[in-house]
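Below, chain A partners chain B and then partners chain C, in two separate complexes.
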Partner chain A sequence: MTTPSAAARPARRGTDRKPRFALAMTVAFFAVLYLPIGVVVLYSFNSQKSLTVFKDFSLRWYRDFFHDQLLIDSLGMSLQVALVAMAGSLVLGVTLALGLVRCRNRLGSLAGLIMLVPLVTPEIVTGVASMLLFKGMQIPLSTGTVMLAEITFSISYVTVILRSRIAALNPEVEEAAMDLGATRWQALRLVTLPALLPSILASAVLIFALVFDDFVLAYFTTGVDPQPLPVRIYSAIRFGVQPTINAVGTLMLVGSIALIALALFIPRLFGRRGGLDLLSGK
Partner chain B sequence: MTTTAANATNAPGRPPAVRLDTVCKSYGSSYAVQDLSLDIAPGEFFSLLGPSGCGKTTSLRMIGGFTDPTEGTILLDGADVTALPPNKRDVNTVFQSYALFDHLSVRDNVAFGLKRKGVARTEIRERVATMLERVQLAELAERRPTTLSGGQRQRVALARALVNRPQVLLLDEPLAALDLKLRRQMQVELKQIQREIGITFVFVTHDQDEALTMSDRTAVLSEGHLQQCGTPEDVYERPANSFVASFMGTSNLVPGTYRSGGVVMDQGPELPVGPREGIAEDSRVSLAIRPEKIWLSDLAPGMARVNGVVRETVYSGPTTTYLIELAPGVTVSVLEQNTDRSRMEDRWSGGEHVEVGWFPEHCLVLE
Partner chain C sequence: MATQNTAEPAPPGLGEESGRLPEDGAADAAGGPRGNRSPGRPARSSASAGGNRLWTVLMLPGTLWMTAFLIGSLVLVATLALGTTDPLGNPRFGFRLENFSALAEPAYLEVMLRSLGYALLTCVICLLIAYPVAYTIALHGGRFKTLLIALIVVPFFANYLVRMYGWSVVLSDDGPLLQGLRAIGLASDGTKILQTGTSVVAGLVYGFIVFMIIPLYAALERMDVALIEAGRDLYGGPLRTFFHVTLPATRQGAAAGCVLVFLPAMGDFVSAQLLGGPDQIMIGNLIQDKFFQGQNWPLGSALTMLLLAVLFLGMLGYLRRARKDEAEALR
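Right, the complex of A and B next:
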């Protein structure tokens, strides 16, 4: 079979020129997106305190960071909060999604709508409301209150991602499991959850990333010591920008990239479709 | 509605493998299945046949335990299982979508049921291997179902159900998704497997040919009601009513009035049918006769004869179909084998006057 070659086609004016404008726009887009981040990374390796003149390569700000107990504590707390929020919202969110898909009545569709409200509520409102609730119940603000607030905030994301996936599952598959002797619970554990694993992992990565650097909700619900990393960085900056912050920023960037890479790689281990599908929750 | 006796010829002392006793399933005010009573004998290849929406899949799902009947009881091997969930019933299902577990290998798919039953590891390995051998999937045991072809997936579904040696195997249009050639092949294969292992098969299909060629007995359903239950020959040669007559292959239905051994067409001659029991004089009836039972030439003595005009000739390889008008508005189709005698040049063409005939015992009078 032959395909008409590009040369054989009558040349149309304009269409075969190099898209210079589009190219320029692309370069500009990436520059705006990544230059500020590049500056942070670059100056985290500066030997001087200056944020305008790069002198020599040095790791002194990283050394400073690892000797700054307050920052280390904050990093630890943020990691803890992110992990707990991830686990908690996964359990609750997956359960809610299963219930919403299978509860096909008025109450179910109402619950499905209410579930979406946290997604559109301004975070600052959620933050203030959470703080007032904790104060009203006389619960002292601490790491625990941040975790609770973040879990509440994250459930909707998990549910939205999982709900469409569950609705797309073939109901005969779970019936087949029961037909072969599995109880309802076994059918869920052995057949349904494994089929949902890619979406569950996608939500896990998303929630971890969202919660780890969440500022607003954390700011309103945290106690004094330790404070989540974003809140700590914010308070540090009020007394002048320290180059240590550049080092922290760079480390967070590396961590995020590693997380994304992991998310892309995990599905390959399971012999499934590419991770990009997974991140879009399909 | 006409219902013929739906009882299987049972071995004495052995309860039917499946018994449905006046089973109903309604959704609100509409019935998916109404007053369905069936006995299916052990070892029988039984099919539930009907157009889509006739309640055949609903009936199968009630036997499997996926749908609860609104009324009536379901017995498996004499025991009432109406209230039992699917995992407590000794039946297995081959689903229309196959419903394979995509995250497990072919081997683990087939082993799933035995693992749930707590069968010993070594026995599981053996039985799974034997079954995979039986359905010619031994080489693909470690593959994921998503990497298999339709026919292979179908066999995985079959193996996954059969390895548990259920009392009854339920099959929900298992061949519907396969192409014609593969379907013919699987029909033969399924029938072979069923004869070998002697399990009762309950087979749902909308394809009359499939039901006729595969079943020991078939139940024809329409709009939730049982129309007829019997051997393929029964339902094809002696349809209980006009629905069965027209659903099982093509049938000519000629409306008329029954009068002393004949059916008088509304505008036309009387068609002799011979004496019929249980049909009242002067009642409105349909005369049903299959296209292949009507002769066009070399009419034999003892045949009912009618004159007609050829209206259409449809050549289709081994056979030719003629549409012949017997009276204004009454057209019957006639099927002729294209043997040497009725070659192309001999064929009747439109407008020709012909005499058609049939043996009176080949036509049915349906009320």
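Right, the complex of A and C next:
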């Protein structure tokens, strides 16, 4: 379905004999990886309700989606949540990352540990915990609570991405600025932050996509009306085939794939090679 | 807090600010990263004595936010796990171990063991599939390496629910997979995949395999290919070379991948909900049930703590292993 042929190209380096088994496995893997996504996209254009027989090309499920006020409200809410969580976690995450890299004291290592907690805790635990916190503080679950919870768990991603970038910066550039009379704050604002701009933009896009797509945390912290789009999708597909969901799903796939591709290639736009290090956290 | 750390001598060589030695004195605390600043330069004590303070202040908002919303909420779960419910079903704080002893009931134990089994099986299957894929891409991908990895990672970021939904269509009774298997005679009309343990594990594998591929790919990519050639020069067959050279060199990547897959797989409830039946529920489904349908929050909290405990043990085992590997590598 994708580029299994590319995997079959002659090796540039490494072993001269190609392991046939591993190659076959890779081709099969790519096929299976894209099959479910392909099915959703294909049947979103089906004129029938069936998910097994493709009749004619039709846009009726997309029309249905745009006429479904509940789904449109959910889409609006998800976009709002993603925007607010993006802004909030960027401010808190970038400052935290700067502090963590530069500040070597006991508070710094404690903050570093706290920052890692969301990354090693399954989402259901953090979801349950956030819900209990809001209930315990008598805050009614709503769009606002989803935003608060999403900010909390996006901070870690921003910090992890930014921290390695900050550590890779040459501190002498900042020193030079200060030797030329800049205060530390000016050096930070005029020298360091511009150098970090590509990574900041890339993590902004990444956070937007992650929060928009997030289901578990949103599920535990949302009120009844409106509900974020993934939560709405979940309740719809629990009860069987819903062709409209194919259309919504296709639109979401296109959206998040575009965003992730953008996040990966932002560093290239700024003339730096590669963008995949963003994902490995290096 | 902020002023205390300027006085504290940090071990040398750790980082920029700590490069300063204690005997530099307060006046030269301005010294900054290298500490060997020539004496002729003007001291910027006003600017950088505040340096460490500035970094601490920058760190505070994020840390306080996470402490309040994250650590605070986890403490709340731990506390409520010791509580009870009143006759109306409202949660009450307390100090009882009832919820934990309730978890020892066979019904809960069964779900717990099943979740553990599913998660471990998911790790093994992910490893078996991801290894050849990562191997092919890292060693035979040529200039398409980055593109191929991107083609794996990008769909992974697509909405998890939509992917699981598509997967349920693929595995359904009339879906492409069973139709194909029937066509080649590998499945009969009555064969089902959905609503079985197979489909739940398949869902977990589909959901999280990327977490296995990335660290394996990184490890294989980092490995010195000359080692493989050396193995062959020493008359090792492909299999022997693989088991004695390649596999040990990438063991840490595999271990990291296992942890990264195990964590979300253990806590997942979507796969069992969408692909499994009532006999396939996992601990995540129980927790969800206690908080939404059952309305027994203390018991749900106890289940959550139990899940955390299992994951904590798994992490601990991994970290000890990793430390041992590191010690061996240094020897």
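What we mean here is this: the second predicted complex is superposed on the first by the 237 of 282 C-alpha atoms of A that agree within 3 Å, B and C clash if a C-alpha of one lies under 4 Å from a C-alpha of the other, contacts with A are read in each partner's own complex, and residues count from 1 in each chain.
In this text, a residue touches a chain if its C-beta (ideal position, glycine included) is under 8 Å from a C-beta of that chain, and two chains touch if they have at least 3 such contacts.
The structure presented is a predicted model; accordingly, all values stated were derived computationally and were not measured.
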With the two structures laid over each other on chain A, which partner does A:R238 touch: chain B (first), chain C (second), both, or neither?
second
Partner chain in contact with A:M178 - chain B first, chain C second, else both or neither
both
Determine, under the contact definition given at the top, whether A:L23 touches first (chain B), second (chain C), both, or neither.
second
Looking at the overlay, what does A:G76 touch: chain B (first), chain C (second), both, or neither?
neither
Partner touching more residues of chain A, whether chain B or chain C:
C
Kindly classify A:L98 by the partners it touches after superposition: chain B alone (first), chain C alone (second), both, or neither?
second
Does the superposition put A:T159 against chain B (first), chain C (second), both, or neither?
second
Could you look at A:P230 and tell me whether it touches chain B, chain C, both or neither (first, second, both, neither)?
second
Intersection of chain A interface sets (partners chain B, chain C):
172, 175, 178-179, 183-184
Looking at the complex, which residues from chain C come into contact with chain A?
1, 4-5, 8, 10, 14-18, 32-33, 41, 44, 47-48, 50-52, 54-63, 65-67, 69-74, 76-77, 80, 129, 132-133, 135-137, 139-144, 146-155, 157-163, 165-170, 172, 174-176, 179, 206, 214, 218, 225, 228-229, 232, 238, 263-264, 266-270, 273-274, 284, 287-288, 291, 297, 300-301, 304, 307-308, 311, 315
Going by the contact rule set out above, which residues of chain A touch chain B in the complex?
170, 172-173, 175-184, 186, 190-191, 194-195, 197, 270-271
Residue ranges of chain A touching chain C (in the complex, touch as defined)
2-3, 6-7, 9-15, 17-19, 21-23, 25-26, 29-30, 32-40, 43, 51-52, 91-93, 95-96, 98-108, 110-111, 114-115, 117-118, 120-126, 128-133, 136, 148-149, 151-153, 155-156, 159, 171-172, 175, 178-179, 183-185, 188, 209-210, 213, 215-216, 220, 230, 233-234, 237-238, 245, 248-249, 252-253, 256-257, 260-261, 264, 274, 276, 279-280
Contact residues on chain B for chain A in the complex?
64-66, 85-87, 91-93, 95-97, 99-103, 112-113, 116-117, 144, 160-161, 164
